[in-house]
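Read the structure below first, then the notes.
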């Protein structure tokens, strides 16, 4: 299905190239056309767009898409003499997405009324940290690290879509939890690798605590 | 809300109007700053924005906003050597909004087609259930029940025709949503009275969570 | 994986910076807002106490938790509202961890009465590692809080699909039955979070502090002093012990009980001291904990 779509769309950018060339005397290189097509898709995107998904969408090689995205970031950031736009392109939560540039967040806040959910409690934050660093992890294992019952907090995090049930241990029946891309998005990072490094601390101490 | 900010900033443009050149010590004329702020707002605006609304939002005179909008249209259209963007700024129904440029419609359609899931997500279903049982209900009220931001999910449900905007509270301006006949059809019932009775809040929430 | 030297170094660095110049992160609340402990074996900020314990420069067995608790309750009275809840939450989590540690380190477990017992030392090492871990995650959680707060102010483009694209959305496949739909509604309406900030991790939801307090009160009101050991006799879950401990703290806050411990680690005796106690007081007890 993806291949069919790709071949179908391979024609489109070519056609666009043609029209662009007509209107632009100097001729527009393919890579610029790629940037423009990416811009169009990002305009309707509701969530972060993966490079692979974008490449399939416009029928271009992944490497081209990566280059074009980098060029767009630089373009919007105004690093090469272009205006520094009121918006920016960010890689967050496993994909690319247009954001209002941070310095305009205040201006924008008065115009749109987004409903932000209540802040997470300290308990929820700490539990989230445990899951983020130790995933996949069972509720019993979280509880033994936190030294308290975490059922209701885990439910909160599930309800917020920040964690998900990764798998169920076939022997113990314990559900193991992992974090979601939504968490990455809400943290403003692109992958778990961007979490601060505290890993050396975390590999011991769980020994000997029953994974209830 | 915006009035305080507006009056505070209204002073600045008056002084600036004739003195664009002088007032750009950092090399950025205020006009350009207006364009950037408008860009930021337009980037996240769902509905076409009136010139007056935009002017109030960024605290600039209407005339400045008009000029800046015209400059942005030209900028995105690439008439003055700038790239012709994959999006465009159009005035539709008395307001300004960013749209995908027509020549990219095909690419975008295909992406929309491949990316839109045919089934509703769990989050969308739960939100729909909340609306079904509590209608008419505002987005804020849904968000507080679901403890998550529901803006995007509500948009999906609207787009699917499963809910509709019932009315707007004249005091708070909050839109209240209700379900449509399409939902009744999907559920195979004739009226909302046939929804199974649930007793909200009777459940202590521990059901289904007592494993591990 | 065993704790590496590198890990220790990192902990020490984190811990050592805590008492005075913690850079605006986790540890500052104790150190800067200043709950201080005054004991015969230690005098200084609570966080430093924890630091020393984790660095094993101070023996947990030297610390009378009840004395620390007394001081903390006194300290709390000087705070108001939100600060009080925050600090109480913080303190209780740590207190429960320490208590847990003490129980495992001190109480005879079967035949392991000898403190020199190798197995017991191992258990202490594990608990030690656990306290470190707890602190590490607590520090990480501050980063999470900061990032989440910063990002919640950001605005991503997320707008209604233009009509001309909407027609290309695949037709909806509806697979939810009427009963499933009602079940989803029930799930959605089920409260996910006990609406008390930050205290829901202090109890197992299935154990009510109020119920445990009622049990404790009924034992104490007979008039005879009762030891904590007696109070938790028959408790088959750790959660019950913790709930009774918390209930005692609450009762102490209501000036309904007094404590007596003749020597460090000695028997903790609880005495009923309320002058005019009505069972109505019990109704509100533990309300802070959502129970």
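Read from first to last, the chains carry the letters A, B and C; within each, the first residue is number 1.
Everything below uses one rule, namely that a contact is a pair of C-beta atoms (placed from the backbone, for glycine too) under 8 Å apart; a residue touches a chain by one contact, two chains touch by 3 or more.
Just so it is clear, the structure is predicted and the values come from calculations on it, not from any experiment.
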(message) Using only Cα atoms to place each chain's centre, name the chain farthest from subunit B.
(response) C
(message) Please identify the chain lying most centrally, where each chain is represented by the average of its Cα atoms.
(response) A
(request) Using mean C-alpha positions as chain centres, tell me how far subunit B is from subunit C in Å, no decimals. (result) 41
(request) Between subunit A and subunit B, tell me the centre distance in angstrom, where each centre is the average of that chain's C-alpha atoms. (result) 20
(request) Averaging only over C-alpha atoms, locate the centres of subunit A and subunit C and give their separation in whole Å. (result) 33
(request) Spell out, as numbers or ranges, the residues of subunit A touching 2 or more other chains. (result) 42-44, 46-47, 87, 98-100, 108, 112, 114, 116, 151-152, 155-156, 159-160
(message) I need the residues of subunit C touching at least two other chains; which ones are they?
(response) 155-159, 161-162, 165, 192-193, 205
(message) Which residues of subunit B touch subunit A once you look at their complex with the stated criterion?
(response) 1-2, 5, 32, 35-41, 43-46, 49, 53, 57-58, 75, 82-87, 98-101, 103-104, 106-108, 110-112, 114-115, 123, 139-140, 143-144, 146-152, 155, 205-206, 209, 211-212
(request) Would you tell me which residues of subunit C are touching subunit B in their complex? (result) 155-162, 164-166, 168-176, 178-179, 181-182, 184-193, 205-206
(message) With touch defined as at the start, can you tell me which subunit C residues reach subunit A in the complex?
(response) 1-4, 6-7, 10-11, 86, 89-90, 93, 96-97, 100, 122-123, 126, 129-130, 132-134, 136-145, 147-159, 161-162, 165, 192-194, 197-205, 239
(request) Could you please specify the touching residues of subunit B with respect to subunit C in the complex? (result) 43-47, 99-100, 105, 108-110, 112-113, 116-120, 125-127, 129-130, 132-133, 145-147, 151-152, 155, 158-160, 186-189, 194-196, 198, 200-201, 203, 205-206
